[in-house]
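Going by the order they are written in, the chains are A, B, C and D; count residues from 1 in each one.
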Amino acid sequence: MLAIMNNRKTTAILLVHCPDQPGIIAVVTDFITVNGGNILYLDQHVDTVQNVFFMRVEWELERFVIPKDKIGEYFDTLYASKYRMYFRLYFNDYKPRMAVFVSKISHCLYDLLARYTAEEWNVEIPLIVSNHTDLEHVAVRFGIPFHVFPVTKDNKATQEAAELKLLKESRIDFIVLARYMQIITGDIINAYPDKIINIHHSFLPAFAGAKPYHAAFERGVKLIGATSHYVTTELDAGPIIEQDIVRISHKDTVNTLIRKGRDLEKIVLARAVEKHIERKVLTCKNKTVVFN
Amino acid sequence: MLAIMNNRKTTAILLVHCPDQPGIIAVVTDFITVNGGNILYLDQHVDTVQNVFFMRVEWELERFVIPKDKIGEYFDTLYASKYRMYFRLYFNDYKPRMAVFVSKISHCLYDLLARYTAEEWNVEIPLIVSNHTDLEHVAVRFGIPFHVFPVTKDNKATQEAAELKLLKESRIDFIVLARYMQIITGDIINAYPDKIINIHHSFLPAFAGAKPYHAAFERGVKLIGATSHYVTTELDAGPIIEQDIVRISHKDTVNTLIRKGRDLEKIVLARAVEKHIERKVLTCKNKTVVFN
Amino acid sequence: MLAIMNNRKTTAILLVHCPDQPGIIAVVTDFITVNGGNILYLDQHVDTVQNVFFMRVEWELERFVIPKDKIGEYFDTLYASKYRMYFRLYFNDYKPRMAVFVSKISHCLYDLLARYTAEEWNVEIPLIVSNHTDLEHVAVRFGIPFHVFPVTKDNKATQEAAELKLLKESRIDFIVLARYMQIITGDIINAYPDKIINIHHSFLPAFAGAKPYHAAFERGVKLIGATSHYVTTELDAGPIIEQDIVRISHKDTVNTLIRKGRDLEKIVLARAVEKHIERKVLTCKNKTVVFN
Amino acid sequence: MLAIMNNRKTTAILLVHCPDQPGIIAVVTDFITVNGGNILYLDQHVDTVQNVFFMRVEWELERFVIPKDKIGEYFDTLYASKYRMYFRLYFNDYKPRMAVFVSKISHCLYDLLARYTAEEWNVEIPLIVSNHTDLEHVAVRFGIPFHVFPVTKDNKATQEAAELKLLKESRIDFIVLARYMQIITGDIINAYPDKIINIHHSFLPAFAGAKPYHAAFERGVKLIGATSHYVTTELDAGPIIEQDIVRISHKDTVNTLIRKGRDLEKIVLARAVEKHIERKVLTCKNKTVVFN
């Protein structure tokens, strides 16, 4: 049921969460199959602590009798209110529009743009935002508009307002902070709930905040980590999407931690972005459900 | 939907595989919920290459209207033949009976018996079989009958017949080869299809056969592995249940590979045995589906 | 230069750390080779931040001209004071004496005793200490004296004094806290500096203190860890010897975290204990150098 | 002793291997320190099976009394012949010149060029060679000459001769096959012994040859791997520099194996290339010693 990458048939993707109750899977799959949809993917999860049911289902629309632009309405009317479902509906023929925010460090940016250019992902990258000009040359190499918003204490509110205006005008769906070394504040975060993906260069919750590699070196840990998470208004505390680690030893210096961390950061960020693009991440109470 | 360990309510576990076709999940979950079963766990998989559907569903029997001893018959009559399902039905109040085969190396045996004694697993270990007496003291420590069947070229058929007789008399459900250094032949294998779990001390298919650590050292690999698989009549070629690796370096000798491999072997074997006991492994055409 | 496990020749092991300065390796290796020692192992490290040199060297004594009981004195006189070296000298024909402290959870204890009984390690385990009687049956199985010291707020000082007396009388060299659920206080810690090895069931410094699996579940991390460290008077803050992690997902409950954590804990603890027994751990300013 | 990345002082790097014998470390470190060299890095290894000693030592030349262009001659005369040493001498102020060979798949190429452009490595990439034009656009983005040599059965010898001529004229020191889908034959291999680094998309020796992901899928393994090795005339059988794996499951298709493998391939290749550039790989009898 894994969607095949080069599948060109149009599919609908339905993400649902609601209070757990018997028979929900049967109801949803019945809705799809009775109306002529061919299910390609189904995964579900029950959080037995919160008693919440989560589901992701994807089906081919070719012979589906409900018109594409009416599916959401029908599902809402027939099931969502009845079962108190929170749901989102996507179609695979729409490319989500992703903005990348960067500062001076290039490895995550290169990695994202290489995947984009090689068409690994079903995504559009209409623009890159930065508070510095250092990485403009990278944007130029890949032919992507690069917008510089230098941020100081005094102009932060104004600059963020300008950024938000640009994001809205460019119809940006989600934002990736690719080692963006500026704290983003409320207005942007609130405009993109669970839609801003950050990479933090530590195994959160250890070493939140600034200079995690220095802190890891100081503490003498034997593994370093990276964490990709959705940004919330509390720093480095949003729902975690993906984490990984790499082994280090007493031979490592802060400099070699930074070097080893680079590969980790770009891979962990890419995995999180991929899951987000594939509509496989659901959030609930500061935790994520990440389907395979 | 993960079954909670210390859940004492009786549950039924249904494992199904059949040709993929629309609506099977709906049919099966409907069968359970309509008849009063509360689903605790559901996972499913479609092998899109073979077009085979796999499913594991577990539900509480407390208010289930079909008597426990009739569930299999009803499901067979109503659905299995109609959908050409191959199915198995288990109940969590039965402890599967596991025989352990060993030779001279103790680490896997100790690990299995420690888990058994600590009641980590829902399993019974009525006996240990060996072709040597070396590990009898371990069996004695844990109070488990130890049966010695010394095997030579000449007596192999006779000894295996005697082993099989013992296994049958002791109502053994499945066998774990915990570094048993004797090739088991057809009669036992055929009596326990997908019910004999072996641990091979390499990352199969690399280094099948004898002395894999020596071969790994010779080749100069940078990782060594262990593989747990069901035993088939073709040596080291049965369906793989679990694999893992550990990093090595030029500093390792064959002796240190053997030492590092020990931890790997016992953990990989234990993971496979646990999945088997939890009825989470399905096999089809020499491959496994291992549910979480 | 890796010492071969079944090497029965007597060797000396010298651990050194001192301010870094040119030529130390030459001086030490010269001391050994000129006097007829055959070097089996040499590893060294320079902490360029603290400017400290670390070294571990092991050599065969067969043709070494300095008598075994004079080596320390000679090395001290000729080199240690000159180069301001802190050094320790061990011989492989002495088995360090290890005490195991446990409470109610058995997996680490079983793992340690299985290795001990199988003679994986060059160690003696003369006794087990516990604040509960629950695991006495494990000690009995392996024939090791089990001493119970029930600890309450009121009797803690007295009991620790009694424990310390027992440890001294039994000539215990180092202590392993194998999921010992009592905080050990100053007198014992000060009597065994860098000689008490604890296993903490989290990826420190994340989730220090009580109930780390609950905290990890609450935070929604995607990996859980275990950390083995030397005990200092600051809780969960001593020098880290070894860490590792295992991947988890949204499907895991606190119960399955605890189950998955068990395997992690016992392996991470065993790796640390092994390094300690092999005299491959040096500490300096709350960090460790762990040689291969 | 780890060379600090942004260290701008000139250093010499000496790689040595020779029959193991007492006192070699003392001799070599003495040679350096007596003549005014400050040792920044020293690592050594003894292969106790082959009885071969390996060493890598790096020192600052600032106050070294032997002129840079005479060091090799002096070391050869004074020590190398006496101790039957095979040695190589490098200086960190020379950037090794690396050619990249590619075909149609871009992820490894992008990754190498991003590191190059970000100056992660002390390397020069004067040219890219390909048997196809597909990736010319990548070379153009990064401003690196791209040379196309279409290879057929009939013209292979001629084309390889032309490639070799280009490599020689461009003073190429080593070659990276970044998913180059053509078997390179004897003349080029013999001209670059232990200087051609390939990435093979399997955990060698498993799944050597063509289509390893298909073979891995067919066998039902639970981990897939990637292997970086020096190219020898025997296909996929040269000395292994680095390997790593990623966990897969029954949910993966050949397509998702290919996707997951991409990240693995580029990281494993980059680690091997980095070690090669840092002069930390020594080879002997089809195995590598890879220093930290």
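We adopt the following convention: a residue touches a chain if its C-beta (ideal position, glycine included) is under 8 Å from a C-beta of that chain, and two chains touch if they have at least 3 such contacts.
Treat the numbers as computed from the prediction; the structure is a model and nothing was measured.
J.: Starting at subunit B, find the fewest moves between touching chains needed to arrive at subunit D.
T.: 1
J.: Based on the averaged CA atom positions, which chain is farthest from subunit C?
T.: When every chain centre is compared against subunit C, the largest gap points to A.
J.: Look at the interfaces C-D and A-D and say which one is made up of more C-beta pairs in contact.
T.: Looking at contacts between chains, A-D has the larger number.
J.: From the C-alpha centre of subunit A to that of subunit D, how far is it in Å?
T.: 35
J.: Between subunit A and subunit C, what is the separation of their C-alpha centroids in Å?
T.: The computed centroid separation for subunit A versus subunit C comes out at 42 Å.
J.: Find every residue in subunit D that makes contact with two or more other chains and list them.
T.: 2, 4, 45, 48, 249, 251, 253, in rising order.
J.: Within the complex, which stretch of subunit D touches subunit C?
T.: Those in contact with subunit C are residues 1-2, 4, 22-23, 25-26, 29-30, 33, 38-39, 42, 44-46, 48, 247.
J.: Can you tell me which positions in subunit A touch subunit D when the two form their complex?
T.: Within the complex, subunit A contacts subunit D at residues 2, 4-6, 106-107, 110-111, 114-115, 117-118, 120, 141-142, 249, 251-253, 255-256, 259, 262-263, 267, 270, 292.
J.: If we count contacts the way the header does, which residues on subunit A are in touch with subunit C in the complex?
T.: For subunit A paired with subunit C, touching residues are 45, 47-49, 54, 203-207, 219-223, 225, 239-245, 249-251, 253, 286-290.
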